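Across the two complexes that follow, subunit A remains constant while its partner is subunit B and subsequently subunit C.
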Partner chain A sequence: MKSWIEAFSIIDFISVGILLTAVTLNAFKSIESYVKAYTINSWLLAGLIAVVAVLVGETHLYIAALLTLATKGIIIPLFLRRIVRRMRVTREIQPYISNSLSLAISGILVAVVYASLKEGIFITGFSKNVLQISIAVILISLFVMITRKKALTQAIGLLFMENGLFLAGFSLTFGMPTMIELGVLFDMLMGVIILGIFVIQIKRAFASADLDKLTVLKG
Partner chain B sequence: MEYFQFLVIILFSPLVNGVIKKLKANMQGRVGPGVLQPYYDLLRLLKKDMVVSTVTSWIFKATPYIVFTATATAAVIVPVLSTASPYGMMGDVIALIYLFALARFFMALGGLDAGTSFGGEGSSREMTVAILVEPIMMLALFTAAISAGSTNIVRIATVHPAVFSPSHLLALTAFMVAIVAETGRVPVDNPDTHLELTMIHEGMILEYSGRYLALMEWAHYMKQMILFTLAIDIFFPLGIAQSGNPAILAAAVVVYAAKVTGMALLMALVESTRAKIRFFQLPSLLGGSFVLAFLSLVTHIMMGK
Partner chain C sequence: MRVYVLSILIIPLVTAVVCYNITKPRIVGYVSLGGTVALAVAAFPTIAASLSGTVSALDDTFSMDALSGYIMALVIFLSIASAAYSISYLEHEYDAGLTNVRGVRTYYGLLHLFIFTMLLVTMANNLAIMWIGIEATTIVSALLIGLGFHKRPLAVEAAWKYIILCTVGITFALLGTFIAYYASTAVIGTEGALNWTTLRGMAYRMNPETMKLAFIFVLVGYGTKAGLAPVHNWLPDAHSQAPSPISALLSGILLNTAFYGIMRFVSIVEPSTGSDFTGHLLIFFGLVSVGISAIFILVQENYKRLLAYSSIEHMGIISLGIGIGGPVGIYGALLHILNHALSKPLMFFASGKIQSRFGTTNIANVNGVLSSMPLLGTLTFIGALSLSGTPPFNIFVSEFTVLKAGVDRGLWPVVVLFLIFVVIVFYGMLSGFGKMLFGRPGDGTAAQAGHRPGREGAGEWLANTVMIFMAVAVIALGFKVPAIIDETIRTCVQVLGAK
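== the complex of A and B ==
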């Protein structure tokens, strides 16, 4: 099993997959495909943790993989899908920057991250490429957050960023203690629920979830 | 034997197109024409008289020969069954791309030469697609070339069987999109219709008839098969013969036929499940594919594999 993982460089494949799902976020218009991309991203993240767990052989990593799969891979996507259905808004109609331009910019972001972290400042245990990829994911999701108008797409950007941060932390520390991970996941779950309720309230009060409209005074 | 492997592409390329058509028809629940239909079409066209507009210049008449010769030359460069090809020294991936560009340039000129509006439309669209597709192919091929340490296709095919990495997967995906665009298949162009709103390749060759049309169509089939072979050589060359031994060559023939059929199946699947996208949305599809190719190159440089 271990030799298989190393022979087929499975960690590299999964981490490139995580990067790719973040990059494709820039190409999508419908919010449903955002949710799909987030689901795939979370499954890949859980897969990566599981693969590292097999390599290292620590029980708490298996638990972390399962927890990630359950919360980020199943519960949060289901919840997001419900919000999308209730909002009846399916498209990010006008991002501030056109899709092809933001794709190009995210490509440049990846190149900048790779170039600036080329010499391994941080020597990590299982792969020297995961840290770069996680920072690229963080930057791309930050970019998605600042260029989209809808509250929900911004929320998904935030979730992506959290995945990136988790990956960065994981690549440096081989996973935090289970208690801390539990706490973080629970926090996130609460955060998503609050965000969901908040988005629906914005929609109800302003008849749109477009955050640009929040700057207009309502008397 | 390996001196004549380019004949495989020249002789069997209409068959590959027939197979794609047949598979596509079966997927859509139709019977479809037989797999040999492209040969009958070519024979019929070769026998027919030509109608050439009186306003055309020598470019119109030279174009079919230039297009056919450039594509046939490209077929010689690509190793099909064996990497013991004596023509490997003739050119590399860059030469191949520019042979295609030469053929495309003259095809666009030929489309413009008769002065019809459809020809001009087709040529203008073809050039627009070309500037988007060429960098994708270049970057995807450069990723493969860097990992093999050479831009020579024979060398890449010899080194690559042991190489499989994330950057190759990205480059392969980008290259597949480029193949779909280059062969004029569905999300980009529709090979079956002559509707003025959709046609790109058909628009350019609308004025050609008889022998000239046969040469143009044959060149198009050849280009399609060369691109399939290039993808096979570069991304999954496992099974290609490394020497001229007859037994190994026979095995290579079987493996090659299976791989080309696989590619044909993929193309038929894409054509049956996708709808043609609007021309002005092409830049976002091809731009996405360009970013993939760019990422593959960057990833390759970062990971070193």
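== the complex of A and C ==
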């Protein structure tokens, strides 16, 4: 199993998959596809942790993989789908810039990350590429957050960012102790639920969930 | 000892559940006040012990030294003050039909959860658990701002900005924590690699480059939460839209718990990188915060937002104090935390009363508070004088200490800029509140027409007592810092490793 994983550089394949699902956000037009992309992204993240668990053979990594799968891969996507249905949102995402331009900018972001982290100070445990990819995912999701109008897309951008962060943390340290991983995931789960509540509140208060309505408070 | 330590975390949780299940809106407030008093009684032995040594529980998961004890004492003090003030505030809202029984129950339940999360931050020994606590404070307080009770669109807007900006920020702090974990596992392996008690002893052996990167991420993350400019945009919205007792907690202590995270990191980053690196960053962001808030205070037309910008200014001063460093600078910063935690909640409490009386948060529509409401006017006057840094009030003392530290280090550009900004703030604060206090009372009658006199009950009496106590403390601390507080802060300075 181990030699098989190494021979086919499975880890690189999975992390590239994580990057690609983040990039596809720029091309999608409906919120449903955002949720689907997030689900695939989380499954890939859990899969990556599981593969590394096989390589290293540590129990806490298996637990981390299962926890990630349960929260990010199953509970959060189900919750997001419920919100999407409840909102009966217009399916259009309405980005502030065109999809092709935002795809191009994402490409540039990835290039910048690779160029600047080439001579990094890190010796990553299991792959040269994972740290670069995780930082690229974080930047792309931040970019998606600032260029999309719907409140829900901002929340999904935040979730992608957290996946990127987990990947980064994981490539640096082989994961945190299980108790801490559990606490962090719990916080994120609560955060998502509360973001969902607020999305519905915004819709109720402003009769739409577009963020350009939220400009009353300033100065 | 262990029992006492854990009871600090259990009591607020129990109180939250109990408050949520009481259906009588008149009683629930007193139960919540009782809960905070019980918390204070239970926490007293632990805090007292932590001032002279380390107290730990549950296998070093929780560990408290003087600094944790100091911040925890402030959290508990403000919880009591806020719970006492909430009674009359919510009675007023309830009588005016702005909230219902469910809203009141939810409010008190969330209030105690909020207190729990802040206590968790101060007790955590592990830097990642501290992160979990700080993120939890964001989640709970966002609910208090946005849904606490009456559902107003502006509060939802403020809460959304708050939770999105702070969560993004805090996610960066988690990355910083991961990087610090990476640096420390490289030295000592995974056992206790994020425990503050372990890190203190071996901090100088960690890779300085890695720790620099970690500190930048942590500063951005916790700095967002602490309201340091230029990522302060959420703060005026959240603080002005939250119910007044919650604004007091957010401003008086939540910002400080986030800053507490930065202080912990400073003291483990400094030994390997040298104090210049962290110092320069903190001085820079401190000055930017004071400068930006000074400009906004000058042009502000809404008194709750004015108070919120004043919080950014004071967080900037605390950051400057820590950045300038040395025993004097850190002493000044820690004293400033206490002073700000007294003056700002006093002002938010008073402004809540003014708001319910005049029905507006616009400075132009409030006039003659001093002559129409002498007690409230006097308290507001004391608070405004203190916040603007007028001698001989408390904030003047700590600002002066920070300034002295800057002069001692010979940081003249910093000192000059700081003085200019503080003078602008002084003028802005006093001209805004001076107009509200001394203007002719007749001018605002149109706004007062809709006012119905509130119930002069025990709740009102409690709120006034709390405010009078705080005002007395504000004045007393300006004349002399009591020996016990002085001693505590000196111990904290040692904990932070200032030489």
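Observations on the model:
Following the convention adopted for this analysis, the second predicted complex is superposed on the first by the 211 of 219 C-alpha atoms of A that agree within 3 Å, B and C clash if a C-alpha of one lies under 4 Å from a C-alpha of the other, contacts with A are read in each partner's own complex, and residues count from 1 in each chain.
We take it that a contact is a pair of C-beta atoms (placed from the backbone, for glycine too) under 8 Å apart; a residue touches a chain by one contact, two chains touch by 3 or more.
Since the model is a prediction, treat every value here as computed from it, not as a measurement.
In the model built by aligning both structures on subunit A, subunit B fits alongside subunit C without clashing. When the shared chain is aligned, subunit B comes close enough to touch A:L103, but subunit C does not. In the superposition on chain A, contact of A:I10 is made with neither subunit B nor subunit C. Once chain A of one complex is fitted onto chain A of the other, the partner contacts of A:V23 are limited to subunit B, with no touch recorded for subunit C.
Of the two partner chains placed around the shared chain by superposition, subunit C is the only one that A:L142 touches, whereas subunit B remains out of contact.
Once the two complexes are overlaid on the shared chain, A:A111 sits against subunit B while remaining clear of subunit C.
More residues of subunit A lie in contact with C than with the other chain of the pair subunit B and subunit C.
Legend: residue contacts after superposition of the two complexes on their common chain; A:G169 is shown touching subunit C, with no touch to subunit B.
Of the two partner chains placed by the overlay, neither subunit B nor subunit C lies in contact with A:L189. In the superposition on chain A, A:Q132 makes contact with subunit B only, while subunit C stays out of contact range. Of the two partner chains placed by superposition, A:L66 touches none, neither subunit B nor subunit C. In the composite built from the two structures, the nearest CA pair linking subunit B and subunit C is 22 Å apart. Taken together, the two complexes place no residue of subunit A in contact with both subunit B and subunit C. Chain contact summary for the complex, subunit C toward subunit A: residues 126, 128-129, 131-132, 135-136, 138-139, 142-143, 146-147, 151-154, 156-161, 163-164, 167-168, 171, 174-175, 178-179, 181-182, 185, 190, 194, 207, 209-210, 213, 236-237, 240-241, 296, 299-300, 305.
Listing the residues of subunit A that touch subunit C in their complex gives 121-122, 138, 142, 145, 151, 154-155, 158, 161-162, 165, 168-169, 172-173, 176-177, 180, 183-184, 186-187, 190-191, 194-195, 197-198, 201-202, 204-206, 214, 216-217, 219. Contact residues of subunit B toward subunit A in the complex are 164-167, 169-170, 283-284, 287-288, 291, 294-295, 298-299, 301-303, 305.
Against subunit B, the residues of subunit A that register as touching in their complex are 8-9, 12-13, 15-16, 19-20, 23-24, 27, 99-100, 103-104, 106-107, 110-111, 114, 118, 129, 132.
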